[in-house]
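In this document, chain identifiers A, B, C, D, E, F, G and H correspond to the written order of the chains, with residue numbering beginning at 1 in each.
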């Protein structure tokens, strides 16, 4: 603690670093953080909800040109059609509402993430998580419909779960899956509540609270339906482990 | 449906029945439903929260004299001492805060209820449920600390659970236990959320929502910390099954 | 408690049993629990909300072929039309949005359940509960529009209510019906809040809280609009009583 | 509507009236509305919560001297002792935490209000309502412990309820009482939810929502535990009816 | 209290009365309380939300034939067209979504109610309240757009407000109107929160809480957007005062 | 405090002033406060949500004729087209859903407000705030997409922010922007949460709570999506400072 | 907008400024922002809740020595006694729980703020607001107990309110005061909800929602009981106006 | 996906594994999962809230004897004194309320975690997180009082933050810290909301929602005040990276 308490150490480096951070202004509506790739390991991701098609097209074009790869989430199908019509060559995933564009060759996926979900209706969120991690470079296995009311469906995959560097658990309804998985594995578990449910589910509040109160240790939580956030964090963890194993600091 | 739709059938019986229902007024503050024993199978139970010691003593005395047995819940320890000092001979259970008094011999317990709880801290509520059902005449087995984060603790009791006529599941924190149990048994499951937890637990709201949204079928729910209600309903179900097996209608 | 506390009893049986539990994987999106029929007395029920028509058709077909009977809830009318077009011969109930398919002869209904609802607008949920219990094999009587603001409408059916093995009470608005019924009968009462209401009803929260706080003992609660869950639990209780009366363990 | 739409009618009267309204400043902390007696029929009532004993003593003294009668609610017992020690001669009601002081002879009570409550624990709020209406000059009957889970306890008082000009219904737990009473009487019903309950009661939220969503017409609601407000409104209605019957405008 | 405490007084009358209460079963979906007119002063009112057009037509027809007058609320315009097509001769009020049908001559309106609202957008709820009271026989004045942010708009109507037997205050946004009106008048005030607002208004929760916490005495509250309930209660109060003045018991 | 405590000072002025306040009744549905321009510095602003097109046209016409300028918020595009068709010459801003009409020359804008927002999707609310302040006469700079997850995007505008008389901060998602800005500037900061987000965002509740709990001093908050309110308050502050600098009291 | 959009302008100034910002580390638990005085016009204020007495003493000592003045809020009385015992010479204000220490002469207060509150129980929060603004250098008038249920109590102060540069409105219960004040004045209004109330007040949620939904323009809101925040923002606005009038930029 | 879909792979291993899992029953109240050390890398941790001192002593003794190390959280100081009196030799940390006991030599800490908190009052939660990770074997740096309202306090530690394998961010009030940190680093960030705050903070709900809605990617969240959970997950991630770098599988 002593060293840190002096506090002034490194202030010149901090401001020097800030000075170097570039942006790119897209018209008046977006300020792209073009330094993010270096700073956080991946270009800025586009959250499409609330943006007009014109805005999305402009941002995708700038990112494709500058970064060579684009990841966009919560995209309406019509926007994907518009992007194709504009000559942008990405791939759109229907259920997950996710758009990927790659102009540079993709390296072999690294490490190992398992993404599992409790019910069939949770699949779109599972796919958003898995596709995000895959887009960023992780190797991912998927397990669907392994909810706790038929516990043997999950237990038969115990070995696979225990081999993963990170497990992403997606669940709507009561969201109990991460508590059982968290007790089976020693890897960190990232829990994603979904809005699948009705009545006293309150749009995902029920599984969100379940996951925050999990009696299993090692479980952290992201926002309701935030498959992207879970996949992103899972990749950060998985790639660091994989890179460390290769002898390269992340 | 046809018969029922006429609607007037039975109206004389209904009013005749209502006419027969006696009460006993205790001072100005309580109106005891002395017909309840016949109508619902057990004398009125005293919910002590919010009542003064004077009121509780007066009600216990009337019920002891008229019914021969008393069940009182949510009783403060000081009230139990006061009852003893007044010469009332019941037994007080500390953790469960429950008071029993019997002046008539108790018949052999019938049927089979299993009451299980997720954590050590849930024990007082488990005991309130089990003691209630036992007071009313059911045979009860208890399983403590079998929460889902160490799923093998629960699975080793699968046989016992599958033999029960009813299972009561008590759980705080995220309250996932009834979902797993509901998938293991064919008996009805009564789920009791507890206020054991903190933060986004909101005093038991988290496990309450979990249980209401359970993906396991056959699970019904009572109020937070309502061990009494669960034990009462469990006994109603269990005694009807046991009585039916004996060839006597409940 | 002594026997149970040893804990290791039965562990071989438990794992042996788990080993035997079969599943059937339907494409990548569903993992059917084909052992459930034996374990819990009824094949897996399909919750259609959030599933695509393609997924539902595939699951219905597998269950129809393997189990001979299918129960599906929350089905859109278009899905029912699609199933018919695919040659699946089930029956769709409009208000209840419930689908039944039977390929084997149905046994005579057993026992006695009364399903009552407070208002005309609660009928679809009442029907979901009653149809679920009937599909599973219970005998059911229905009482519609017997809410407590005209208490004589309910009281005239007191005899019928008191003959039932279980009573299901469906109510929106303030949801007071189960409290009055719970005081009239000695059978367990399963309360179903509905989303019928407006303003401070908050989509069914008001009657849900009412029912959880019922001053009548013997009332347990299911999720808002969960007629299926109430009917399912009611059948579990009713069939056990009926079977016990016949001398056959449930 | 035409007459009102001109809008300027009466503006001189309005401002003239405002000009006449007197106040009395008590130190810097209170601005007594000494015109309220004339304008609304009763002197300002003191809500003691959050006020210091010094402040309450000062306000009671001013009101006693100017108005000849004082009504104070939510008073701590210590404050009542302090008032007595200061020579102020009022009466303190323990359960209701209400303080009355009269220096002028009280007229005979008028009209008829029935105040009923569901459980023994609701008595303090019932008393606050009844004492408030009595202090203001109404005749009040009380019915305690007539909750709906033993409906015959309430029905035997149907005649009394139907004779009242107004009925005040006080209930904690699920708060179903006003819905049943509202269906039995043609008088307006004022419903008071209480904080008596636990768990998903949320400090009175449950019966508050119940009462706001009552399926019985003619029910209006006041804040949780607000016996004062219910008694005050009940008196306004009752005294107007009684006065009209006497041929005197309220 | 002494007389009431005996409790058995009147039990024969109560059951005798219950025996006399008739109903009329409409198909299987509705149980009309045809005794309500005598018991509560007005025939059963139809709450149309959640009912099918077929159900509404059937109920309107029975009530029109038996009672000679019909009041239906929350009616969709298409339902009104269907009723007209079926030859039912009632009047539909667009904004208020309220339907009236009279087959008997209407007596002259009695007493005096003032219904006021805070903003133009609250008019439909104001109209539901006013039309309900008028349908039942009360004389009503309306004041629109007199919210507290321009307090002189309200103050100029102080005389009119002070002449009323009851005041109904309708307000969305922050719902402050009843607090100001409650301080100006000695009549009871019935407050109606509306869903007019956005953001932290939470569909009317904001003005509902405002009104429940009003610092003005004499204010009672109904559910969000429940103009009907306010008009109904206002009429109960107003007609009793008017009838008492005429020397006729209500 | 002494002077104020006497309380009666100024009462004649107050009523005299109230007497002078004119209104204009528009049909029965609106009561325009035509004195507001003098009293608060700007004519009444029209909140269009919940008003019919007919009502809006009538109000715009009266205000245009009497005041020479109109500001209307939350206007549907169809209403703007209707206004144009009726010959009213105002300008409609699409994203902000705001309508301006000027018949008198606009003075040069005064002072300096900076309006910034966290994300591209917050732009419509930013524009509502900025256009409101500009309509009222303030000079405004806009900064878009400067959210805290790329803090250098904001820091590069530190000088501009520090020159402003007031800063308006618009943010959805977690709403952290005002906390960082509040620590950088000595001007008052007005924070506007937006409904941009999903899941546990609860329609803007998340950033609203964030802003109310800001650890930065000098931050006040308006309702979710209330760009109008922020712009209005910002103008009140900015114009007073600008006017004071000019030697003219606001 | 053009200039700002280039974005890189000023980046060197921003980082240069950040480099200059000093801190002072107090043991390991606090990092004082000693540059804040220059940057925001006042030294860092100490929020005492959650800090130990030892921590508070250490921070007060550092600030007193470096800045010559200290403002601390939410201080327990025992902490104030401890500070006095340690020889620190500040003044503690009981109700407001606020501590001031000045070692340099205080300049004459500038400008004009009016702080008003609805009820006597709101006084501690009013005082926290007024004392904060006074500590920072503003001139403040106080108006207590002017709630809207006796509107003439407020209206008699209309002139005083209209002379203020800023008005702070403090109110518990339903919190309607700022809506009325906002309609009377052209100055910005800062609204402070308080936790004074009970039941459906939910600890201040009711007046908080009221104030956020105010139909009066020009009202911004701070957290429940946050008198400090309101006083701080009021001073920022008032001092800028006063300084502008003196010809000195703030 | 193909391989996994077959589903039956590994079922024998799964049940074989389950069969091997030992427990130790402590009296009737606790079922220790003595296999957890092997399965998840650390012995079972004791959550003391809700447990009696007797229960805690018994569990600590069993774990100390079997595992050689004990970690207990949320321990009351009196319990720690009792443990010492019983001869158990652990260390109790006051602020963090955490108890550690080691009977075996501790290996050198591995990897690098940075734990930072926003305010001095958040220190106890920071310490719970840091001590948990240290107990499990991680190297931890602490940064206190670096909240975003003085952003330069945080930025000067940018280099340290960027070197960490994981960052734990603890914050009460509005909880904005993780959003800023998440934008500065490429490591995963674990956010811990605390209950430090008041009013619309709702016991930590405000920062919890903030963190769940963070616009920074790579942020996951644990329950309010759950320093333990954050430290546990941080260690899982950090130790895997450190172990991978050493060439040893976690």
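Quick note on the criterion: a residue touches a chain if its C-beta (ideal position, glycine included) is under 8 Å from a C-beta of that chain, and two chains touch if they have at least 3 such contacts.
Quick caveat, the model's predicted, so the values are computed rather than measured.
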Chain B to chain D, fewest steps along touching chains: 1
Chain whose Cα centroid lies at the greatest distance from that of chain A: D
Repeat of the F-H interface, chosen from B-D, C-D or D-E (over half of contact pairs identical by residue number): C-D
Comparison of C-E and A-H (more C-beta pairs in contact): A-H
Distance from chain H to chain D - Cα centre to Cα centre, in angstrom: 53
Euclidean distance of C-alpha centroids - chain B vs chain H, Å: 37
Rounded Å distance, chain D centre to chain F centre (Cα mean): 41
Computed distance of Cα centres, chain G from chain E, in Å: 46
Residues of chain H whose C-beta touches two or more other chains: 1, 7-8, 11, 14-15, 18, 23, 28, 31, 119, 142, 150, 152-153, 155-156, 183-184, 199-201, 205, 208, 212-213, 217, 223
Sites on chain B touched by chain D in the complex: 18, 21, 23, 28-31, 33, 35-36, 44, 47, 49-51, 55, 74, 193, 195, 203-205, 208, 223-226
Chain B residues within the chain C interface of the complex: 1, 4, 7-11, 13-15, 17-18, 39-41, 45, 141-143, 152-153, 155-160, 165, 183-188, 190, 208, 212-213, 217-223, 228-230, 232-233, 236-237, 240-242, 244-245, 247, 250
Of chain A, residues touching chain B in the complex: 118-119, 147-151, 155, 173-176, 179-180, 182-184, 197, 199-202, 205-207, 209-217
Touch list for chain B against partner chain H, complex: 119-123, 142, 144-146, 150, 152-153, 155-156, 172, 196, 198-201
